[in-house]
Structures are given as structure tokens and as C-alpha cells.
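Should a chain be cited, it is by its letter among A, B, C, D, E and F, assigned in written order, with residues numbered from 1 in that chain.
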Amino acid sequence: MFYTDNRLQYPVRVEAPNPVFARALQQAIGGVEGEIRVAMQYFFQACGARGNPKFRDLLMNTAAEELGHIEMLATAVALNLEGAPLSLQEEAAQDRAVEAVLGGMNLKNLLSAGLSAMPVDSDGVPFDMSHIYASGNIAADMTANIAAESTGRTLAVRLYNMTDDAGMKDMLSYLIARDTMHQNQWMAALEELGGAQGAFPIPNSFPQDEEKQEFSYSFLGFQADGSEPVAGRWSEGTSIDGKGEFTAQPMQPQGEKPDLGAARPNSGAQSEQM
Amino acid sequence: MFYTDNRLQYPVRVEAPNPVFARALQQAIGGVEGEIRVAMQYFFQACGARGNPKFRDLLMNTAAEELGHIEMLATAVALNLEGAPLSLQEEAAQDRAVEAVLGGMNLKNLLSAGLSAMPVDSDGVPFDMSHIYASGNIAADMTANIAAESTGRTLAVRLYNMTDDAGMKDMLSYLIARDTMHQNQWMAALEELGGAQGAFPIPNSFPQDEEKQEFSYSFLGFQADGSEPVAGRWSEGTSIDGKGEFTAQPMQPQGEKPDLGAARPNSGAQSEQM
Amino acid sequence: MFYTDNRLQYPVRVEAPNPVFARALQQAIGGVEGEIRVAMQYFFQACGARGNPKFRDLLMNTAAEELGHIEMLATAVALNLEGAPLSLQEEAAQDRAVEAVLGGMNLKNLLSAGLSAMPVDSDGVPFDMSHIYASGNIAADMTANIAAESTGRTLAVRLYNMTDDAGMKDMLSYLIARDTMHQNQWMAALEELGGAQGAFPIPNSFPQDEEKQEFSYSFLGFQADGSEPVAGRWSEGTSIDGKGEFTAQPMQPQGEKPDLGAARPNSGAQSEQM
Amino acid sequence: MFYTDNRLQYPVRVEAPNPVFARALQQAIGGVEGEIRVAMQYFFQACGARGNPKFRDLLMNTAAEELGHIEMLATAVALNLEGAPLSLQEEAAQDRAVEAVLGGMNLKNLLSAGLSAMPVDSDGVPFDMSHIYASGNIAADMTANIAAESTGRTLAVRLYNMTDDAGMKDMLSYLIARDTMHQNQWMAALEELGGAQGAFPIPNSFPQDEEKQEFSYSFLGFQADGSEPVAGRWSEGTSIDGKGEFTAQPMQPQGEKPDLGAARPNSGAQSEQM
Amino acid sequence: MFYTDNRLQYPVRVEAPNPVFARALQQAIGGVEGEIRVAMQYFFQACGARGNPKFRDLLMNTAAEELGHIEMLATAVALNLEGAPLSLQEEAAQDRAVEAVLGGMNLKNLLSAGLSAMPVDSDGVPFDMSHIYASGNIAADMTANIAAESTGRTLAVRLYNMTDDAGMKDMLSYLIARDTMHQNQWMAALEELGGAQGAFPIPNSFPQDEEKQEFSYSFLGFQADGSEPVAGRWSEGTSIDGKGEFTAQPMQPQGEKPDLGAARPNSGAQSEQM
Amino acid sequence: MFYTDNRLQYPVRVEAPNPVFARALQQAIGGVEGEIRVAMQYFFQACGARGNPKFRDLLMNTAAEELGHIEMLATAVALNLEGAPLSLQEEAAQDRAVEAVLGGMNLKNLLSAGLSAMPVDSDGVPFDMSHIYASGNIAADMTANIAAESTGRTLAVRLYNMTDDAGMKDMLSYLIARDTMHQNQWMAALEELGGAQGAFPIPNSFPQDEEKQEFSYSFLGFQADGSEPVAGRWSEGTSIDGKGEFTAQPMQPQGEKPDLGAARPNSGAQSEQM
């Protein structure tokens, strides 16, 4: 169950409203690296967490935090939209400037939302909840969370670099710090789950002798001339999960040319396919 | 540039065609954890790789491998659909069984594709390319790849457990092995990029003294009663990136209640909002 | 800012787990009439509320309530999935029954989520945040909310009628009651905003003498034979907003056949179009 | 069955073509508040209307009207795109202006449609037919229609305010008038269905003694500090549907902490979860 | 402008309602090969038709026809849903049969639409208007229409083969006939536009001496072993457009390995990429 | 199985990077007429090809070619993004120009992808794999391919006309040439399948005496005034498939007004509908 207090988690201040920056901030709300994604991802992971209940608590707690981040960013978008042009003037010179701003906005922020934030990305594409990765495997979930916070912090840094509004830089420096923590937090949770050698390969509950083991630690090459693939840590030495030895080799096709045979009558194919 | 030889990377054999299992296999083609996703993700990451060119090579090489996996799975889907019912008979008893199978299929596999595979998931939802994470940050990309292979192997294991067709189990044991390798491969690449202490927090190019550092390594609690959040590796000790010390504390709102003020005339709001 | 206490808003109890009912419940989570929709809709309306701040408070308060409903339903889905088949047996007779259940499930609940809830509807289609109507016009928002709760209660009633599990019926009787309240709550808010005669036509800030008033209260007919359109409250009497008198008439085209003329050179049209 | 006469329902005239305004107009075609939405919504509601056949007639009649509105707007978009730049010149000064216009357009209007309209919104996002609300409950449908026309008129007013092209203002003044009528029309239909006290709570066919009535007319508070939620018409007095008395109270969790227990073997979870 | 007469274009009769067949029919409404697609495609092509106005008339006329087809199919879906189970009984034996039917339905047809049709496909996926191909090039549009009617008739044939309900077979035999006509109709229009030798390559307004002509009529091979690609009509003889001579050859890469160089500072990449 | 050699199929050179043109090029990657579409369409058609195996070879060979085109275009996008502004300066004059460029970009190319290409169209909308038409009918597939290459070449021509960068014009002149070939190639394949008179109506395996033949070659008119529809090649003469004679006539409704009757109890309708 959730509660609110109507206050912002961290101050949101905009010194010089900028509708184009409002558009950029939308990516941090409704982009695939944005805050709706992490809020809902942790929420659904929590709801499906089986096993040790501490992970449910951990996830739901941080889901609550992320909901507050959406609220902060939505406020920042609305404040940046203050002063956006509402009309296209006829006078040519001014027209250009106004059109540049209107053209650079998500027009929906004006037309659909009346100068407010929306659950869309910086190009106006609505967030699609298929991006909520909640796998039922707690370790896989942690890898998805590390990835989400890594792309999330990258986005926040790009936004920070894009603006020189002191209020916005202050807000973003807070969100960047939280992303630092969350990257570490989910890595810490993965460490509790056994780390690279205990948790991997994910899921660790599958008996590895049932996998086709000659291919389990081999870096396969798909170079057209049959040459060795590019060498690196991945082509020799003990595997990161500690359960094999890396090798490398060009791949040869193991199967034949597939043949589905003739189409069935009444299946809607051409006569020539039957 | 890409080439093909029309042969399968690994043999695909179906002993007892099962249209419901065909539907399940569709998740491994067009699901968010599926092979289109990894093929296209590595492809686009390769195309945008800046810096050391070995990562471009690594990524494009494995993109080629994954394209072959889509081909294998598409063949497996078509073979499992052989023998699917094409009509609904009137006789009540048989009707039930036929309807159970037809109802359990992705009907589009028949209606749209004539008993062939489609780029959709197990519920018939088309794959949406927004799931291609290619961030321009090579380390963030690696975390996305570890996550993709972790959920991917989890899916493959579930499919393996679902079937007792010897051919299908053989094919899946190969794909599971490759997922083992790929989890290790991307972790190895991340190690080349500095590992937990060198690569994190991602992006490592952002000067950490510009983030709001009092929040960078603090596990914040959002419990309604103000109690401490659940303790774990994430609440004390050195942070995983080695750059801070974990602490934990209940969060207090730092900001005020947001106030957007009155709506602007001509902005389409109600008179009462102005 | 949001808080949680990890307890459920209302008890969730499943006496006889039913994976097909789990699928049906998904509609109440990720369907367009579901709880993600109302939670996020009220949230974004609150974030964009200009004018009297009581509406922000009202909306955000109920957003918090709806988040708890998602949590309840996600728990109900997971409990109903307990006991779902994980494999397709070969023996024909049993196969049918197992396939009927597996076929009737959202397979992604198993394959992607490990027997947990997802933010998808009853056919496995992910929720798309374009359904969050937050218009910047507070009265328009209230109409969207009344509509959301009307379709939402209709859905809850259908789910209630579908199950005879006492636990599920109890949970749904709570959610139905809340939908009753919310329909009334948003109608009450609309009443505060002036009701039918004060708030409509929405937006009420547009000077009606600028609209083409001969068409403002006329029920136009588009019957191919030019006959009068079907009569009702909408074709005579004072208009509901009290600002006009309903009339009815067959419509005649007021405009001419549109003519875009020739295509421009270099615009990619055929030569014959230029 | 439908017929056409190739003439426009109302004249469409553009005095000064403006490609950025063309983009804005796209929202009225393919936006969630746009004309495709209402045309198809009334169409599908008509097709599924059970009970008194007058509602089928009413809905299908207005569906025909809305199809004509799409045609008008598509013509307006094409006319506004006349004169859009087809190329990016090299000369720096001109470049900026041309880029401002090209950048402000939906590029797809040029690249995909050759300077014509598309079924997309003002940011180029295609209309998604999940926005067609046709619930099988005629009263719920009416609420969805009132909401659609309320957001629709709000959008039309914003477009009217954005342009000073006399032709476009004339066309929009017609569409705004029709939205006025349609808001009233659907409210009139709802009145025929019993109005606030006869139709609500929707569906009115569900016996209210089966809902958990102590929560049916209570405004619940989710304030973190346990305080009373914001007061208003919704917190005291007779409910709008006339079937209860509004009360208000802070909510307490009624349920316990959810516990899904251990994960099942073979379900793809980590060993630690079993 | 559009008109309706509330009658069906062709009789719709269902002898034995079948909810699973209702689901299959949904593909013909909201599938990518369905009637919404062709109705809206012809509509938007008409709205954007430049040049000879007869094509606008041709397209809009057939758009009106297709709207009537959606109406017919929506009626057929609703009639097939009559008798669908509304509840899941507890008794095990019957449970199986009921679940088979419920599981085989689009549950949304019940839960969202109250036993009516929806603008979704046979797996419940909503139609996405990006499938409306209206290119501004009248010949390209004709090819899209031939393709739409070819997949459309294939679908209708599969549905015809799936049912033995005499009413449904009658309705489908009408729709199949119309698809026959429409395939021919759009081919006839393409013939008016010059046919294979006059209209192709599309767009025919581009001066072919500006294309890289040594690749214009050469069938390139991408076989990994450098062998000749499969021979056929496409590898020798005069090209179908009559403007070249087919040849065939293995392709060699003409370009170098791409090198994007270092990432820019402040672009959010890792330090190692700069 | 697929291979790569890391070299580009054709040289990609950008003389004057232009971020707005990068956005336009995105349409050729992730637009519905773009290269992902054809690569994946030919790939899935190949995987489902039944009957003569030469078509599988033909399709998979060209799928490999198109993968190389995506790689070329992704490189072109990244090169055009070099020099894109990373920040919004405060100085007013420069601000306008910078905002014009930033506003004209797909912001996600910067924010999500760090100045690299993405699988999205020119308005930032991700490619949706429902556009992969692979019908199981080889002739229908060929019509879809002709359509794809016709809209594809139209797009390439528009891009060619938009730029005067010599490198980009060179690359596009290659892609336009390949589209010329592919239009011809698929028409040649259709000729092998019998051409207009052998392959049509598609599917040619359906016995035409089962279709309602009086409607098979009749151009039906839906003019509101009952007049004859527009005449052309489609209204008289032998049909293009050679199997009928074209006629033309106004259509009369053949069916009655549909009547679904009363709603069922417990179906969630209003009481008045029952």
C-alpha cells in the first residue's frame, strides 16, 4: 500500500524556462531509460518476488523512491514549458524563432497536456510497459536493474550536460547521485545472491550437464572468411562464472538446409507450393 | 556486410509436432528476451561503437550468431505447427479438443503466416524495436547485454522444462549453452572495461564531485512509518564500485509542495484555472 | 513523494488457484480499463494541475490508492498461477487438459515472469501509456476519470461474475465498491467545477461566439436517403449545458470536392501526377 | 453500409500554408483526442450496441459525421504542407530557417506520405486502436464519449488559438461547434439512460449489496502522516448517484504483507528462491 | 463526406455461434490484413491523391465499401460470441471444456467489450495505424493495395476453410469475391498508370541516370562461399520494367570497415571511448 | 546461418555532417518503408517458405543483402550526427540556431544512443515488427515485397532530393539502384509463379466457384446519390487475371439492419439493455 505527502523529494527549480529542454526531460520520464520504467520495474519485481522476503522489501522501497522521481521530473517539465509559445505569428522573422521553438517541442505537451508533462519520451512516443522486466528470477532481475540504472545515469548525465540552468543542474545532480547508489545497490544485491560465481549462469538452478557443454564457454566466430574472431578476455582464461575455460573457434554449420516440404491443402498457400 | 549459407547453425528436429509448444517458442523469437532482440541489439551497438574497434568486432560477430538462432527457432516453430488443425469441426466432442489446440495457438501463426513463424511473442504481440538498447556507452551496453542473456537463458530453461520432445530438448540445450557463454562473454568485456571498480558508476566519464554526493551511497528508506529500510549488503560496507561507503537512512522530503500557479489564457484550461 | 508499508490495502486470498482466471485478472492490471491506467492518470493529472491546488491533492491522494490496487491484483495473479502446469506431457488424454490450461493462460506469465503478474492485459498486450489522459483542463480530466471508473467497474463486475472463488469475490467486491466511490468522487469534483451548466462545453474558457454557432446545438443527420436522424433527448429541448436549444436536420455538404492539384517535382510522386 | 459523395462536409481553406501547423493538425487526426478515435469509437460502439436500437442508430450516424471530419483535416494538412521545403540547402543562413521548418515538421509527412496527411499524431506517433472504448455497456460508452469530446474540443481550441490563418480559423470554428454539440448529445443520451441517479454506478445492473458497501461512498485518505484527505463535495453530503452518503477517512491497510512463498522447481528461478 | 443507411452490405448469419471462431474473425477486422487496414488505407490515399482526380474518386469509393465490411465482420463477431461462457465453473470436468473455450477466446471480447467486436487482431493485439500505406506516389499506393488484397484474400480463404457454419461460409464467399475484384481493380489502376514498363521503377519520375546503374539490374549474391546465387527469371533476360538486362554475380564489399573514431567529451560515453 | 566481414557493402561518406539529415535517414532504417523491414521480411518469408526451395534461397540471399544496408545507413546516421550540439547555450541569438538543430533532431539519437543510429523512424517511433509480412503464400509475399520496394525507392529518392552532400548522394544512388533491381526481382519471381493470369487471384488454390461470383469482377459504387462510380480500366474489359469480365454498378444493401437483441444478464451491460 502506498502513501503520499504531496511534497517533492528534492527541490525542483527552473531559472529560465526552456521548452526544448522540457522535451529533453521527457526522455527521463517516459523514455526506456526513464523513471516510469524503473518505478514500475521494481514494483512488479517486488510483487512477484518469491523466496527470501527481504528482496520484496528492497524492491518495493525503491519503487516508492522512483515514483517520487517521476513527480519531480513532471514538475520540471511543466516549469520549463511556462512561456512556450501558444501561437504561430504571421510576421516572417519572428515566425522563424517561434517555429523553431514550437517545432523543437513535443507538440503534445501543449496540444494534449496543456503545457504539462506526459508519460512519453523526448520524441513524444508513449512509454510501453513491455519494458518492465520482472522475470521471476531474482538474479536476472538484478541484472536488468543494473542495466536500467546504467542507461538511466547515462541519460541523466547527458541532460546535465545539455543545460546550464542552475536549478535544473541541481536537480539532476541529485538524480545522478541516486543512480550511482542504485547501480551499487543492485550490484550489492547480486553479491548477496552469490555474485558472478554463485549466481551465474542465470538461472543457477538449471543443471549444467544438461546444456550442450562443448559450446558453453567457447567464443564462436562468424567471420565470412573463416578467420578467428577478435581476441579478448572472452577468448581465453577461466570463465567469469568460474565454471569453465574460455576457448575460441570459427563456427561451422552443424545443421542442414531446412526443408519444410510442401504446403498443406487448405492452408491458403499457392497451388504451386503443394 | 552479411553472408549466408542457407544451412542451420545447429540441427533442428521435432519428433512430435505440438502447436502449443510452437506458441511457446515464439517467445524466444519475438519476446523481449528473445533472439531478435539480442541480434538487433548487438548489431546496433556495433554500428554505434566508438573508441576501441575491438568492441565493434565483438558485437557484430555475435550479432551474426544470433541471426542464426532466429533462423533455427523459426524452423522449429514451423515444424511444430505441422499437423495443427485448420478447421473447427462441428462434432461436439472433437470440437473441444480441436478448440483447445486452436485456442492455445497464436492464431496468427495460422491466419497470417500459414503455419510459419512470426516476429511476435508467445501471445502474438509483435516485437517492438524500442527494446534495442544501444546507448553509445560501451559499458552500459554490456550491462544491457548481461541482462538480456540472463532473461534469455531463463526463458530457454523454461522452454526446455516445458517439452519432452527429444529434438527440441537437444536444440534448446545448445541455445542454453550459448546463453551461458554470452553471459560470460559480456561480463568478460565489462572486465576489460575496468570491471565493477573501473567502469562504475556508468558513465565513468562524469566527474563525481558534480553529483550530490551525500546521496551517492546512501540507501534511502521510504517506509510510511519512517522506519529503517531493510538491511543488507547495500546498507553498509564499501560500495561495490569502491568509491564510497554504504549508509542507510529514512528519507525526508527535501522539497516543497509543487505549485504551477494559474493556467495561461488561451491554453485550453477551464476559466476557473486562470 | 511516496511511501509504502509493504502491507496490502485489502486482503487477497485465493482458495482454488486458476491460471485462466489469472489471465482474466491481468485485464484489471494492464488493460485500458485497469489499475495502472487510473493510477498513472491521476498521478499525471495531479502533476499538471494548475489553478486551485485542492485538485492536485485530490488526484495525488487517489493515485496512491490505485497503486495499492495494482499491488493487490498482482498478488492475486501470482496466487492464481500457483499450480499452473510447467510442462506439456506426451500422454494424449492428459495433454488435452494441460494444453487447455496452458493455452488459456497468458504464456508470458510463465515464460517471461515465472508465474507472476505483468503489466499486460488479458491477451498479453503490454499497457501503453498513451492511455493516460491528462489534458491540462481540469474538467476534461474529470470526464476522463468518470469514463475510466465506469469502464473499470464494468470490468470488475465481469471478473466478479466469472469466478466463484470466495477469496477472489471478496477482493473484487472491495474493488467494485471503490469504483462506485470513484465514479461519484469525480462527478462530485465536476460539480464543484460548475457541473453540466458551468463546466460545459469544455473548455469553458473559449468564447462561444467564436464557434460556428448554427452548428453548436444541432443534431446532424448523415442518413444516405436524407431522412431525419433518430430522435431523442438530443434532438429537441434545451441543451444539457443550458446554453442552446437542440435542433435536428439532415446535413448537406457545405464544401466542394477537394483538389490538391499536381504533385511537386522532386516530391517522389509519379511523373503522371505532376 | 456507408456511402460517400466526395464533397467536403465544410469548406477547407488555407491562406498561408504552414508546415508546422500541418504537424499540429495531425494531432486532431491521429492523436488520442482526434477524429479517427471518435469515428471508430462510435462505429464500434454501434456495432456492439445491444438493447434499444435507437442507440445503434445514434452512434452510427455520428460515426459517419466524424469520418467526414477526418477527411476535412487530412485536406487541411495537405494544403498546409504545400510549400514545405524538400531539401536542406548548404548556405548557412538559409539552412537555419529551412532546418527550423523541416525540423518542426513531422518528417514522415514528407518522407512517407509525400506532403499528405497520415493517421499519426503531432509527433508522428501512429494512432493505436486500443483507444477505441466500446464496452458493451451503453452508459459507460456515453461517459467515454463525453470524455472524448471534452478532450477533443480542448484540442480544437488550442489549434484555433495557435493559428491566425482565416481559413483554418473558420474550419476550426466549425469543428469546435460540433464538439459542443457532441458533448451535449452524449450527455443527453446519458440522461435518457437515467442520468446520474439512474445510470450510476455503472454498470447499474450489478446488485450493490454484493459490493463491500462500507467502502462505496467513503473518500479514503492516503496521506503519509495519516491526516484527513482534502475536503470537498466528495467528502460529505449525498453521493452524486443518490445512493449513499459521502464520508471521509484515512485508510489503514486491511491486508497483511503478501508472501508468495518459495519458487517451484523447474520454474526458472534461482536455487536460492526454492 | 460520408453517409450510412444502417443496413448491412451483405447478410450476416451465424447458425452455430462459436467464440473461438469469433476470435479468428477478429483477424479480419483488426489484423494487418484486415478490413480496418484497407478502409483506412484507401481513405488516406484518397485524401492525399494529387494529379488525375479519378484516382481520388476510385479510392474513396472503395474506402466506403470497406467500411461496410468492417460493419459486417463486427456483427459476425458479436453473433459468434452469443453463448460464450461468462464464468468458470468449479466442477472439474466441465471446467476443462469451459476453460478451453474461454482460453481460446480473446478474453477482451468479453472483459472489455461485453461480447462484442473490437479493433484488435485474433490474438487481441490492437490495430496500429502505421499499417496505413499512403505514400503520395499513386503507383506505389497501388502496389500496396494489391499486396493488401492478396494477404486479405488469403486470410479470408483460411477463415472459410476453418468454419463449416453455412452462414459464415456464405458471408466469407462474398468477401472473397470482393477481394478477387479488388486485386484486379488495383492491378487495372496500375495498368492505367503504365503497367510494369510504364510505372516501374517506382517512382518513375526519378532520372535513372542518377542511380548507380551498374547495380540496377544485377542480382547480387551473398553466399558465404562466394558462389553464384540461385538462378531464375531474375538472373537473366530483359528486366520486367523493360529498362535493363538482368545479370547475376556474387557481391564483394565495396566499402571499408567503418570507423566512428573516439566519442566526444560530454556525450555520456565511457572515458575509455574518448 | 549468417556471417559478417565487418566491411561495408558500399562506401559511406559524409562531407558535411547534418543532424537534421540524420533524422531523415532514420526513416530509411526504422521507418515502415525502411531496411529493417525488408531485411526481416525476406528473412521470415524464407524461414516459412514451403514448396520449391529456390524461393527460400532467393529470399534469404536478399535478406543478407538488406542487413548490409541497415549497417550502411546506421553508419551514415552516426557520421551525420558528428558535430550535433550537446548543450543549449543561454545566449539568445545562438540559442535559436542551436535549438533549431536540436529541435530538428530525433533527440533520442543523442539522449538514448549517444549520437548513434537507432531502430526508429524519422520521428523517433520504434520499428514495430508487425510490418513483417510473411504470409505463407509465396505469391502474396511477392506482392508485399514489390510494395515494400516501391515505397522504399520512393523514400530513397526523397532523401536523395533532400541532400546535396556528395557522399550521401553517392550512397543513396546505390540504394536507389538496388531498389530498382529488387522491384524487378520480385516481379520476376511473381512471373515465375504464373504472373497476373497464373498467380491471381491470390491464393490461386481456392476454387473460384466457391466464391460469390456475381461480385468477383464487378466494380461496385458507393456514391451517396446512387450514381455510377468513376469509370476506368477497372470497370470494363477482361479482368487482369483473365478469369472474368469487368462490370460496374451502384451497390444496394443486400442485408438488413443488424440486431444483436438484448444483452445477457451478468454480462456487465446496463439493466436497460437486458
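Keep in mind that, in the parts below, contacts are C-beta pairs under 8 Å (C-beta built on N, C-alpha and C of every residue); 3 or more make two chains touch, one makes a residue touch a chain.
Note that this is a predicted model, so its numbers are computed, not measured.
Each step here moves to a touching chain, and the least such steps from chain C to chain F number 1. At the interface between chain B and chain E, two copies of one sequence, fewer than half of the residue numbers in use appear on both sides, so the contact is built from largely different positions. The angle needed to superpose chain A on chain E by their Cα atoms is 180 degrees, rounded to the nearest 5.
Residue-number overlap of contact pairs with B-C passes half for only one option from B-E, D-E or C-F: B-E.
Relative to chain D, the most remote chain by averaged C-alpha coordinates is B.
Between C-D and A-C, more contacting C-beta pairs join the chains of C-D. Note on chain placement: the centre of chain A and the centre of chain D lie 28 Å apart, centres being C-alpha means.
If each chain is reduced to the centroid of its CA atoms, chain A and chain B end up 10 Å from each other. Contacts with at least two other chains are made by residues 1-9, 32-33, 47-48, 50, 56-57, 61, 64-65, 68, 71, 75, 78, 86-87, 96, 100, 103-104, 110, 112, 114-116, 120, 123-126, 128, 130, 135-137, 139, 151, 154-155, 157-158, 161, 202-203, 205-206, 222-224, 251, 253, 257-258, 260, 263, 266-269 of chain F. Taken as a contact graph, the chains are fully connected, with every chain touching every other chain.
By the touch criterion stated above, chain A contacts chain C in their complex at residues 1-9, 30, 36, 40, 43-44, 47-48, 50, 56-57, 60-61, 63-65, 67-68, 70-71, 74-75, 78, 112-120, 126-130, 132, 134-137. Residues 1, 3, 5-12, 32-33, 54, 57-58, 61-62, 64-65, 68, 71-72, 75, 78-79, 86-87, 110, 114-116, 125, 128, 130-131, 133, 135-137, 139-140, 143-144, 146-147, 150-151, 153-154, 157, 160, 170, 173-174, 176-181, 183-185, 187-189, 191-192, 196, 200-203, 205-206, 208, 210-224, 229-230, 232-234, 239-241, 244, 246, 251, 253-258, 260, 263-264, 266-269 of chain E touch chain F in their complex. Residue ranges on chain E touching chain C, taken from their complex, read 1-6, 47-53, 56, 86-90, 96, 99-100, 102-104, 106-108, 110-112, 114, 120, 123-126, 135-139, 193-194, 199, 202-206.
By the touch criterion given at the top, residues 16, 18, 20-21, 23-24, 27, 31-33, 96-97, 100-101, 103-105, 121-125, 151, 154-155, 158-159, 161-164, 222-225, 251, 253, 257-263, 265, 267-274 of chain B touch chain C in their complex.
Across the complex, chain A meets chain E through its residues 154-155, 157-158, 161, 224, 266-268.
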